[in-house]
Structure formats: structure tokens, C-alpha cells
């Protein structure tokens, strides 16, 4: 088993254990920052280096199983201490099944237990870069946050531990090859999120608890289904699934899908998100990015082959569900005024994109991976920006960003550049590729939903841009409130974001050169597909480079002018400019229409239909 | 001002209200650092007057608790005299998520300068307040101390809508004091002139409404009609706005009947065009719907209102009832509608127009021959209140004469009553409907602010 | 008259403002626009789109500030036309202490149209001439 | 290449011609204001001959950027490029105009920008659905390839509602008829659209030039769906647009929320219905 992979998966955990030893404070923050950077470096190494068998070390399966069992037991104990008895019951069942089936029955595990394929590597790089750049910002922010909240050090430590565990779980999910592995790493994800949420008591709400319970229930079902799958196929190795069982693969596929949706909390319903929204901006950003965007896509990519073989009904339904998530995210980004919530919505939309297109064809899979990675990096950058804003100005309200170009010109410039880079994915490249994606193009409903989502997202970005680019009069902050760490990190992150946006074409090419791993898929009209032009997501970096450089230069010029002559010159007799708040983009919808309600009804009924169809396939 | 006195004042006023009296006008006068506020109450032509004398910079209880229509008059007094009224302030609260914008004072859809402060969210008005004083010329002050003979010439220029009615009212007040009875023909001509000025004002109101509805073509048509009207007016007295004809004791030049006939022909032309426009507005669903859905005022509010606002709510206020002009010799009905929204007001404008046309027509028919002016000797001092039919309601003039000089002059039109209800009516409406509602109130601010 | 002024005079957007008082003059101008001699003159509600500021009525201290603001918002070259007795020399309503001022005390006036109310054709001719003469400011004598 | 250049010029020319026709017809109708036949052009020259005065420095540059984008997009249209390219060009152009309006920091300017953003969602939705159904019907996104299908009137027969929706979107962009997003309820005339409240002088000239070009782009886009010769179908769409402009004078204005509803129903709903209906065939 590749040592590096193990390093990626287990490194954070080890570091986590160490971080509990070192005292709380600056030391531990630096420590975690170092570990995040290490994580990033290792991931990049994994991506560029051919899988080296130099230092292999073999971990017997029993170790993995014991780890799994320990995790389950830990959750059991923890939940009993927290008096979450439902969860404890579920955890108990899980551990029983694990003990009986995995350890006594001792099925043949996947070899290797964790390994990355190409999609996984890309996502891993994206996620690790997010953590590397975003975690320090988060930590500095949290320091201030907790000091204001007069919270005990314990909570800060909880969050840090949670972040570390989140990394580990994500790496594991991207790498896991067996059902047990998926179970294990989803559990880690669960623990991490739980840790983080516990740190902010305010978000310990009812629905949060409900969501956690549902996640555990899904995991239990998953665990319980493993023995049956083992009976059918004789292994718990994911890729060995299509051997053997016939129609009931539908059930497995739907189960995998459902597990991903539930544990990724990818449900287009405001009430369910809110508990993740209500934690401070950066933390909610990290959770959404890792748990709701990258991990689900990474997991579903593993099951892609399962879906492509399926009958169209179930696939259609699943795709519609994905596009529903997309539309829902876009809608919620429209209605919310806080920058963090807007970004959350856009992230949800991106995740929905991934889920919509991931099953469909190899080409679109490549595109999806790239799109998910790049857009999540771009949005993380925006997250970092608004985190710093909230750190300095105490507000992340979009309305308050009028004179940002005076207070923090470089940040305003970075933000708008990133937005413009993001803007062209929907408007130029995406739709073309959607049209070439077979199932999506044959699916008018999901197509309409997708287009709506694209339009709404771009409208939100427009509103934001129009605020950023408009001049204000007075500056309200003092510059020395701007920590030097930010001065270093922000430009670095920006450069990386632009690079990621531009280099997507080469990532795409890199994919096409790779020998296709796991069950091969027919790539329909691959030639036309790869010939599609686009400003950003193109094969050759030529056009994209010109476009992006052009955008950045123009913006820089704009901001220079704003800086230079920005203040109200010529005449100031403008008494009619009073307080002005922007409209909500859905103000025109009549009162008797409630899109949130419609969305809820839609996803519930869709879920029901999917379940029904899946069960009907069981003969 | 002590609790006891204010309580007694309010109880007295509410007592009058329970007897069916309505506040007609409020006036203040200053004498050796004492300010006397005078409430004039009226019920079917009989007057009751309540006075209260306070020293400077005292807070007087607001009459709006009893008579809501007194709001604007109190503001007028506050502007001129060092007293203040205990009224709930119309300060704009600044709220999170609500935009605070100004509308006016100069806007293409506002015929007269007035400033609105609007607190709104997503273009739905939450609170609105009116700020006036942009065409305040202190006419009353200017008139005080002048000779009687100059005053009609000033008053008729005060406002386009009600100027003629004002100077007519003034003339009849002076004539009442000095017991001058003017020749019959002059009375009839005055009546015709008054109605014509009403026609002018209502045409302007319709023009404004058409503009607010975004009906470019119709607004152009109506302003063509305004041009026609001015031709008619010039035919009668040589001035497009009928200026310079009213005089104490009659009118200052005889007008041949033929010129009236000629003018009437033009007016008929206008009427035909108007009926055409009215048909279009009634039959076009979009227009009728938009007018019907805006500017609703509940009935008990409208009961305290006056003029066309009240008539649109089914409250038959006859503004011609106390006029000195020979309306009583002609039979006419008070135009009333029930809906009390912009549609009712707009259609009432059409009704009033056609009524004015009819009155003018019959007035010309039944105009006697004879003198139009008799030698007026203004010697007596005294005080009189004259009420005259104006374009959208009633104008009231209160004159105190010392021989032939005006000691004090006070006048008000219905706008000063109705504008108090405007902010309440605006709440909860769309910003785009807002000018439409304002035009439905047909404000005559220059007549109100003097 | 340069060719540019000739072209400008063929498309004049007038922002007419009734600063206060009877609305006779502005109404008169609206009616006048329908005459053939009013060709090319359009009303606009937006100072940024306007070429000629057409002011009528009495100007008191309160409305004077707003007039200045509106004038500043107009893109130059721009002209100001004072219409009617009130705006030209506030004769009738101008007392010692009632704060009424004439237009030329507030803005640089390019042309006056006197009379109460001025004739339609006069108004139109004045507006067109002001533009044709290249927005020259009015000089006495 | 020559053909492309000819189209480029033709599209730029057609819009003033439409305005002239409108002017002539309106001044012929009794009860409408009298104006010179080529007053729109006079007005444009006048605007360019004026300075623009803002308290915000960037405001006068955004319209220039918008104009540049419009020209580029116009070139793409006349070359029959990929429709998505055209859409993104139009969107970018709109962005520049809206940001310019927003950057004045005057309430009515910001209101205009807000409405513009809401408006953007409608017409970009219509355009993207139109693109999708074009691909469904013709199998390509390149207009120059799609036009051969339209020649055999396949497009119009399969995408009638899309064409109607596109035309409605063009009306929305022109603030015509029931689709008027103007600020003050009376938009004096088409070239004086109140959505451009904060612009004045030279930059207003640029904005209006942009709008001319944009209208031409829309007309050309619509003409791709019409079955006749390219020139003829272009003229036909122009005539339709002229009719819409003449209608504008007699249609009452509504609140922008109702306008928004109408726009979604007509510009968003029709293409969507047509798109779904394509699968029923």
C-alpha cells in the first residue's frame, strides 16, 4: 500500500493526536497550519508523482476493521455521554454488525484498502489547497471570535481538532476502495462535523440533531447492507460490484446515492442548511466545501459505473434531483443578503452540478471533476475574503462593501476578479458541455432547472460586483486592523486561484492521457466534446489566458482609477443619495408563491419516487 | 399650557364634533406676545368659533385628536407663529434593510414642488412623509394692508386651479361686508368664469393622471385640449387664464354673448374628445385595473376628508351650496362615487368636467341682459367669511376690512384638509403607483401654502 | 450659428420646473409643444438628459437649493430660461421679507420670457434661439 | 468575410432606420408630438457633443466598455458564431451598463441597476433555453450552421414559441409595451429610457449607441429562426420590432413587479414550453 496515501489519510489524525498534547494557543495554531500545508504538499506530490512502490508497507485488514470498530464504539460512548440515545442505539447496531460480520466472518477486504484514482487526486489537491490557504484565516478569525465570546479554550481546540479530522476523513473518502472504508471515513466526517458544531453552542439546534441522527441511520443501513452485498459478490470491494448481481444493483446504486446525499447534507431546504449557516462564516465554509461539495462528488465518482449501466428512469430521477439541488442552492443564494450565505448557496449549486453530471459519461466526469475543483477553489477564495472582511470590519453584509475599494483596494480587486473568473463558467462553457452530456440533454426538466440555476447564480454575482465596483465616499476602518498574515496569504491564494482556473484545460488534457482506470465507459461524441471552445474550461490555455489576463488588467485599471480619483469630485450637492439597500432578487414574486415550500415538496416527492423505483427493482 | 386648559379645550371641541360640527379653518393672530388660536367650526352654514389665547412658545394640544383634518392647518400656524402643537412627529425611522429616498421636490410627475421622504423596501413603501413649503409666498401677509381693489388681481394668480374661485370668494366677501349687490349679469358671468377655471384645473389633473399611467398618447391629447381651453378663455376675456376680469362690484368689462357662444363651441369640442378618452380608459382592462387597485381610503377616514376625496367615498359634499353665485337657479346634482380609490377619483374628474360643461352651457343660455358692474363704495369695516366652489372642492376666504384696506386675509382650499391623509394612503403601495395616487389627490399646493 | 448648434437646436430636451406658484407657465409650455414651431423640443424628467432648464414661478429659499443641484447635474453646455413674471422679476409676489428671489439671483440665466402668462410661440422661439446661439449667457444691453 | 462586413454595417444601420420610421409614423398620427424625421440621430450627435459630469469617476467609462462589448458581439452575430459566445457578450455588455448605473450612488441610478439585474435573469434565461432548443432542433450551436435548417423552415416549425420568446426578450430589452422596467412611470421616448437614469451627456450617448447595436443584435438573432432568406427575415423581424415600438405609445405602464411576472411568463415560459414540447415530438 502506498505510503504517501497512508500519509495523506492518517497524517492529520496523527497530528490531531499530537495537537491534543501541545498547549492551546499560538503554538497549536501554527502546528495545525503546518499540518495543513503538509497535507497540501503531499497531495500535490501524489498528483504529480507516478504512484511509487518504493516504500510500501502492508497494513493487515484486521487493523482497518479494528479502527472501524473503534470509531463506532467511540461514537457509541460519546453519544451515551451526550444523552443522544437514538444515536447510541444506531452506533450500537453498527458496532455489533462490525464485530459479527467484519471480524468474525472476516471477509476479503479491498486491496489496497485506500488508493487514489485520477479523479480522486484532483479533488484531493483542490481540497487540500482549500485547507492550506483557508485554515490559517479561519484560525485567526476564530481566535478573535472566541475571545469576544469569552469562550473556554476547549471549544477552540474542538474546532481545530474537527478541522484536522475533516481533512483526514475527506482524504479517506477520496481514497477508499471498499464499503467498509466508506463507512469508516463517513463516520470520521460525522465526528469532525459534530466536534465543530458542538464548539458553537448556538448551532446545537433541533434540526441539527435530527440531521445527525439521519446521517447515523443512513450509515447504519449502509453497514447492515454490506453482508448482503458480500453474499452476492463475495467481496466488499467497490469495483467488483458489477460482477454478479443483476437488478438489485439499482438498490445498491440508490443506496450509495442516498448515503452520499444524506451524509453530505445535500438537501435543498433552508431549514436543514441553516444549522450549518449559523456557525461563523469560515467554519461553515469549510464544512460545506469538504462535506457537501468535494466528498460527495469524490464518492459518487466511484459509483459512476454503477449508474451508467442503469435503466434511464432511475438515472433521470437522480439527475433531476441533482439539478434540483443546483436550483435550490441558486435560489437560496438569491434570497440571502449575507455574503457567507450567498456563497453557501453558490457552493450548493456547484455540488448539485457535480451530482447532476457525475454519472453520465466519462468526458462529462472529467469536466465535472475539474469544474467542482476549480469552482470550489474560487469560492473558497471568496470565503477567505469575506472572513477577513468580517474580521476587520465586523460585517460581511454585501451592502456594506461600497467603499471596499478605498478601505482594502487589493481585496476588492481580488474579489471582483475571482467573481468574473467564476462568472464565465456558467455563461459560456457550462451550457455547451451540458448539452453534450447525453442524459442531461435528454432531460428537459433538469435542463430547465440547471439553466435557471446558472442564471440566478450569475445574477447574484452581478449584484455583488455592481456593489464592489461602485465608489463610496468615506472610509470607516483603520488600516492597522489588517493582520500581516492576511497580507501574505491573500495574494498567494489569489495567484493560486487564477492558476487553477487557467490550468483546468491542462488538467482535462492530463485526464485524457491517463489510461482509463475502473470499468471503462463509452465516451459519446468525445471528439466534438473535446473540441468545444470556452473562455476558461478549454483544452488549450490560450484563449483562457488572454481572457483572464485581460479581465485582471481591466479590473486593475478600474481600481486604480477608483483609488486615484475615487472621492466625490466636481460637485457634492447630492443630497438625494440617502441610505439605499439593494432589492432582493425575488421581490417580484407574489406573496402567495413560496419557492422554498415548492422546493421542499419537490425534493421530498422526488426522494420518495426514487426510493419507490429502487425498491420496485427488487424482485 | 396646563393639563386642565388643554383638557377643557379638547372636550369643548369634541362636544362640538358630537353635535355634528366640522372644523372649517384654524387661524392664529399675535398681539403683545400673546398668541390667539381660533378654531372655526361649521355645521350647515352656521359657524361656531372657539378661541384660545396662550403666551409664546407654549405647547398647544393638537386638534387632530378630534378633527384629523386640522393637521395641515396646525403646521401652517407653527410655521408662522411661535407656538407648537403636541402632535406625533413624522420623523423617518432609519431601519435595517429599508431604503430611505427622496421624491421631489421637482419631478416630472409632480405639477407643483413638494418633497416626499419615502421609507421603502423592494419598492414597497413602508412610510411616507410630505415636506411642503416650496411654493410658500406668504400671500396673506402681502395682502394685509393693501387696498381692496388690488386683492382680486393677486388672488387669481395664487394658483392655477383655484385662483379664480379665490378672488371670486374674496370679492363676494367684500361685497357682503359692504352690502353691495352686484348686477345679475355679472353674477352669471362670474359663475361661468368660475366653472371654466374648474374645467382648466380638472383638465390639468387628467393630464397628470395620464402621465402617471404612462399613457403618452393620451397625455398629449389632453394637453391639446388644454390648448383649446386657453383659446376659449381668450375668446371670453382675452387672457388664457381668465386673469384680470374680476373686480369688486362685478366684472370689469362687458362680454358680448357671441364670444360666449364661440367659447362654448370650443368647450363642446373638448367635451367630445374627453368622452372618447374616458371610454378608452374605462374599457382598457389594464388601465381600469391599475386605477382600481391603487389609492384606496377607508370610509371613516374619507368621511373627515373634504372635496373630491370625500365625494369619491360616497360622502355627498356639495361645495356649491354656500356659493354666492347663481348655482341655486340651476339644478345640478352632486357627483358621488362609492369605490374611494384612484379609479373613482379619476372618473369623478370626468363627471365634474361634464357637469361644468353643462352648467356653463345653461349659464350662457339663461344669462340676463344688463349692466355688468356697479359703482362699489367700500366704506364699512368688518369681517366676513365667503365660501366658493373650487375645482376640486371648496375655497374659503375670511376677510377683515378696515374701511377699504384689508386688515387681515385668510384663505384655504381643500388641499389643506386632504393632504393630511396622503401619507396614510401611501403606506404599503408600490413606488410606481405612488405618483398616480398623488395625482388622484389633485393637490393644489400653491393654493394651500399661499 | 455653427453646424453643431444647428443640430443641437433640432433636438432639445427641456427640463421644465415650476418652482412654485400657479402652474400656468409650465402648462402653457406643455400645450405649446404641440405647435408646429415646437418641432424637435421634447420634455424630459431627468436633469442628466436635459439641455435647457425652463424655470417658472416664484423661487423661495427652500426651492433655490434644489434648483442649484439640478443645474449642477445637467451636462454642459446647458441653458437656463426664466419664464413668466414670477421667475423673471417676481413682481407681484415679491415682498420685503417673504424670501422670494428671482432666477438670476440663483442661476446664470440665458434668456427671459416675460409676461403673465407668456405666449406659446414666444416660449418656443426663446428656447430654440438660446440653443442656436450656442448657449450664450444673457447680457443686459 | 465581405458578407460579414456587410451584415455588420447593415445591422448597425437598420436600427436608426427603425427609429426614423417610428418618428415619421408617430408625427403623422394626430395627437402625437411633432419631431424631425431624423431627430434620433440629431439627439445622438448632441449627446456626444456634451460633457458628462459625475461625482463618480468610473461611471463615464463603463458605457464605453459596454459599447466595445456590443461591437464585438455584433461581429460575432454577423459572422454567425456560436450562440453561447453571443450570449456571454450580451451579458458582459449588460454588466458594464448596470455597474455604471450602480456606481453613481444616486438612489434612482441604483434602482435602475437593480431592475436591470432582475431583468437580466429573464432575458438570459430565455436566451439560454433558446440555445438549448436550437441545439436540440439543429444539432449545433453555431448560427451559421443553424441557418441552413431555418432555410427549410425547420426551425420556425419546431421552435415557434422560442422565436416568440426571443422577440419578447427583445421587447424587454427595449422597455417596450408591457415590458417597461423604467424608473419613473413615464419613459418619455424610446431613446430616453428611464432605466438609464444616471447617465448623461457623452456617456449617455455611448449607452444609446450600445442600445442601438444591441437592438440590432437581437433582431439578427431572431431572424436566424425565421424561414426566409437571411435579408428578408431580418427585415421582417425589424418590421415586427417597429410595430412593437408603435404599440408602446398607447400601452399603459405597470409596476415593475408585474412587468417581471409578465416577462417571466412570456419570455421565460414560452421557450421553456417549447423546449419540453421538443421531446414530445
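Read from first to last, the chains carry the letters A, B, C and D; within each, the first residue is number 1.
As a working rule, a contact is a pair of C-beta atoms (placed from the backbone, for glycine too) under 8 Å apart; a residue touches a chain by one contact, two chains touch by 3 or more.
Just so it is clear, the model here is predicted, and its values are computed rather than measured.
Ranked by separation of Cα centres from subunit B, the top chain is A. Distance from per-chain Cα centroids to the pooled protein Cα centroid is smallest for D. With each centre defined as the average position of its C-alpha atoms, the distance from subunit A to subunit C rounds to 63 Å.
A straight line joining the Cα centres of subunit B and subunit D is 46 Å long.
With each centre defined as the average position of its C-alpha atoms, the distance from subunit C to subunit D rounds to 35 Å. Work out the mean CA point of subunit A and of subunit D, and you get 38 Å between them.
The set of subunit D residues touching two or more other chains comprises 33, 53, 107-108, 184, 186, 188, 256-257.
Touching two or more other chains at once are residues 571, 574-576, 578, 580, 583, 587 of subunit A.
Residues of subunit C in contact with at least two other chains: 33-34, 43-45, 72. Listed in rising order, the residues of subunit D touching subunit C in the complex are 33-36, 39, 42-43, 45-46, 49-53, 184, 186, 188-189, 192, 194, 197-202, 204.
Contact residues on subunit D toward subunit A in their complex (touch as defined above): 53-58, 61, 65, 82, 84-85, 87-88, 91, 95, 98-99, 102-108, 110, 113-115, 117-118, 120-121, 124-125, 128-129, 131-132, 135-136, 141, 256-257, 260-261, 272, 275-276, 278-279. The touching residues of subunit D, counted against subunit B in their complex, run 31-33, 107-108, 111, 178, 180, 182, 184-188, 249-257. Those residues of subunit A lying in contact with subunit D across their complex are 402, 424, 427-428, 431-432, 435, 441-442, 444-445, 447-448, 451-452, 454-456, 458-459, 462-463, 465-467, 469-472, 533, 535, 554, 558, 561-562, 564-566, 568-572, 574, 576-578, 580, 582-583, 585, 587-588, 590. Listed in rising order, the residues of subunit B touching subunit D in the complex are 99, 101-102, 107-109, 123, 211-217, 219-221, 224, 284, 286-287, 290, 430-433, 435-436.
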